[in-house]
Amino acid sequence: MSKILIRGAKILGGEPQDVLIDGETIAEVGTDLGAEGARVVEAAGQILLPGLVDLHTHLREPGREDSETVLTGTKAAAVGGFTAVHAMANTFPVADTAGVVEQVWRLGKESGYCDVQPIGAVTVGLEGRQLAELGAMHDSAAGVRVFSDDGKCVDDAVIMRRALEYVKAFDGVVAQHAQEPRLTEGAQMNEGIVSAELGLSGWPAVAEESIIARDVLLAAHVGSRVHICHLSTAGSVEIVRWAKSKGWNVTAEVTPHHLLLTDELVRSYNPVYKVNPPLRTEADVMALREALADGTIDCVATDHAPHPHEDKDCEWGAAAMGMVGLETALSVVQHTMVDSGLLDWAGVADRMSFRPAHIGRLTGHGRAISPGEPANLTLHDSAYRGVVDPAGFASRSRNTPYEGRELPGRVTHTFLRGRATVVDGKLA
Amino acid sequence: MDANSSDVRASDARAQRPARPVLEGPDIARMLTRIAHEIVERAKGADDVVLLGIPTRGVFLARRLAAKLEEITGRAIPVGSLDITMYRDDLRLGPARTLARTEIPADGIEGRVVLLVDDVLFSGRTIRAALDALGDIGRPRAVQLAVLVDRGHRELPIRADYVGKNLPTSLRETVKVHLTEEDGRDAVLLGVRSAASRPGAPDESPVAEPTTPAGER
Amino acid sequence: MKRHLISAADLSRDDAVLILDTAEEMARVADRPIKKLPTLRGRTVVNLFFEDSTRTRISFEAAAKRLSADVINFSAKGSSVSKGESLKDTALTLEAMGADAVVIRHGDSGAPHRLATSGWIGGSVVNAGDGTHEHPTQALLDAFTMRRRLVGADASTGQDLAGRRITVVGDILHSRVARSNVHLLTTLGADVTLVAPPTLVPIGVENWPCEVSYDLDSVVGTSDAVMMLRVQRERMNAAFFPTEREYARRYGLDGERMAKMPEHAIVMHPGPMNRGMEITAEVADSPRCTAVEQVTNGVSIRMAVLYLLLGGNEPALTATGTSTRTEESK
């Protein structure tokens, strides 16, 4: 099989080195490696990262193929530098049986752009009442280890407790979408100064924080691990920090948009900024960045949520919640975390590859860049400056909040087990 | 209504030779006195006359005329104002205009002789609008028109019953009436319109009278 | 130049006074034998109502007709298409029909803003009430009523409400009337105090340019106008207050409380009134209550707004620069 020599890349932002890929694995790492028989990728000045891993992606298939399919979603993932994504369970039908998760897993295999690890629903139909067949989904070909009712909160404390306990049998984890339902009935945006002015129903921070507080206590009580999806408030950070200080097995993620955008943007009433959990305040954004830098928040997850144009081309109240994020995630992280001095590239590799792979127990991803490891790699040109143009997205949907915004950096190459899925910024 | 006047004056000074007074305060006073006498004579004592000035300067002229009529007849003459803005035929040629006050005297105009008073008669479009406005308020026995200056160039079949002075002008010229109440002094000024003084203004065309600020016609 | 009236916050002091002054002239038209002006002949005004509001619709309709505009009433309620599709598709339909202005009432906050900035239509958009956001013409007619009563109709040209103390009582949280009034009355120089049980005051109110009190008795004595908002009885079921009786006792205006108001002070209500809830019949029927006048004044204000937006080749209202609204980012 073919050899590829990546020449002069800064591995995790370090000194320039060459990386030789032979077949599906990394053969050699060093300086002045010979290029005989290898295709050479000149990477001087570029950052080489382990292939990115997303713990939170909505691929929409089956059911909403008008907004995204496994094929288009994995293409978007590859363009964004991802080599593995976790496909959320809120499809139609819901991924609450071995049959559905295997279908998604098989579609991922066929796409070839990015590994797709299905997430299973915690409860049947995301209804929060009866546990789905978690064991069957784990035992299926899809090998599910992450379970989530994302989009809905597992708000019943007993169901949550049972789920946390049950998945211990196969080292699974419940990823909680923390949203107290009664406190967020009809909620449209962050509750605060802006919502008061705009007359939009508030989504208070306490609705997220109270569930997180309950769930970390539950996880501690039953000795399980729990993962908190898309932290969005400074208070949530405090609770996770406290839980970790107790030594409890709690992990958490933050989305790129919660690291950058605030509820001030909602003043435009442009539904492209409508997302759940909602955009919060500047103080929350800063707390989330700090927490990602100090490791309180373990990883960045995109919550890539494609929606067709008509679901956003309407009034705020009628619009769908969510933003696409796969293709802009690394640029937003560079802008908010690296260029601001909060995190170095080794830190980015940790928060966007090593740790999410570890939380999802993905053995083939999030590995060191050293000989013998699978060649899942992302080459990132951090010096690039460009304006986000959704017309060029590989995703089927265009609902990005960054249209027209200048963001730094661009993924030039993505390698999935030695095969280039992206070359010079374009799908191979 | 004439918010532009000061701008026009300022740019006049730069762009062209200054407007030249053709009538001064005493001339204006004399003309109003004469008109008052004519009214009394022709309206047989002005028993049922109601004066309605067209804002802005027509209102001041109407009040002065009323005072003179009172001197002559010894009776109070009803005087009011009639804003014609919402009856103009050129509303869509410029931004929405600020309205002026319409004040109809308490006894109304029904069956009376309404004397419209304005400063300058030009195309006649203002008076056309005034007649329409009047029709929505009541049915006078007769409507007459008094103006301080008639500068010609009529575009409608309208004439004044009482004229202070006929002032033959060219369309390039401007006629501005200044009155103490509004402008600090009484005078009628004759100037030359310069294209630069009102860039892009629709009233550069000869059919211009209604869009010209009051007092500059 | 402002082409739309979306929020009272978009109006400068001079804009607001211009609208009130214009409304004063419009009010005089109502006293004439022929209550009609030819001003908007050939213009088309569409009343696009996604919520039932007969009062507001007929007020706008009367205003547009008195200015000789053609009026099309479009009630989108009950339409089978989904809400989102219906706003855009309806807008495109109205655009195709040549609407010069769209007066929109919608249950979603921000829908008029969306209509004005989406590029769906080219005409002016007038917000006739959106969700719990704003109802700017209601605030304008309230201010107009206050100015006529507190300053006087004849003496008030060019005047604002500087130094007047206005108290707004009731369901502030869900009230578009309160939001618009806080913006407009503050712009006009008044001191506004909101009074409500804490459950009906929005989180974030501390940023509003007004005072907040939970005690009606402590403010009625110094108020030049007390505006009672309608309180929906259903709010009780969502635990905003325990019972109607308790609400009426603590936050309702009865004869005894009204007696504590200064002699010149007025009682206002945007209607429809819940007699026995926020206002007693004694107060509602007293000469100090301006509820009926407010309805009359509503037509004058809406005539003024339509005239200033449509009466020329461009609107007479200027952008303020103080507005916090931003156009869409692209």
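Should a chain be cited, it is by its letter among A, B and C, assigned in written order, with residues numbered from 1 in that chain.
Following the convention adopted for this analysis, a residue touches a chain if its C-beta (ideal position, glycine included) is under 8 Å from a C-beta of that chain, and two chains touch if they have at least 3 such contacts.
Since the structure is predicted, the reported quantities are computational estimates derived from the model, not experimental observations.
S.K.: Going by the touch criterion stated earlier, list every chain that contacts chain A and also contacts chain C.
M.R.: Touches both chain A and chain C: nothing.
S.K.: Please list the single chain whose C-alpha centre lies closest to the global protein C-alpha centre.
M.R.: C
S.K.: Compute the centre of every chain as the mean of its C-alpha atoms, then state which one is farthest from the centre of chain A.
M.R.: The most distant chain relative to chain A turns out to be B.
S.K.: Taking each chain's centre as its mean C-alpha position, how far apart are chain A and chain C in Å?
M.R.: Going by mean C-alpha positions, chain A sits 45 Å from chain C.
S.K.: When the centre of a chain is set as the mean of its C-alpha atoms, what distance in Å lies between chain B and chain C?
M.R.: The mean C-alpha positions of chain B and chain C differ by 39 Å.
S.K.: Distance between chain A and chain B based on Cα centroids, please, to the nearest Å.
M.R.: 75
S.K.: Mind pulling up the chain C residues that touch chain A in the complex?
M.R.: Counting only chain C, the residues touching chain A are 82-85, 87-88, 106-111, 113-115, 117-118, 130-134, 176, 179, 202-208, 324-330.
S.K.: In their shared complex, at which residues does chain C touch chain B?
M.R.: 1, 18, 21-22, 25, 28, 32-34, 36-39, 67, 157, 307-316
S.K.: Per the contact definition, I'd like the list of chain B residues that touch chain C in the complex.
M.R.: It is residues 83, 86-87, 91-102, 132, 135-138 of chain B that touch chain C.
S.K.: Which residues of chain A touch chain C once you look at their complex with the stated criterion?
M.R.: My answer: residues 188, 191-202, 204, 265, 267-270, 310-311, 313-319, 403-405.
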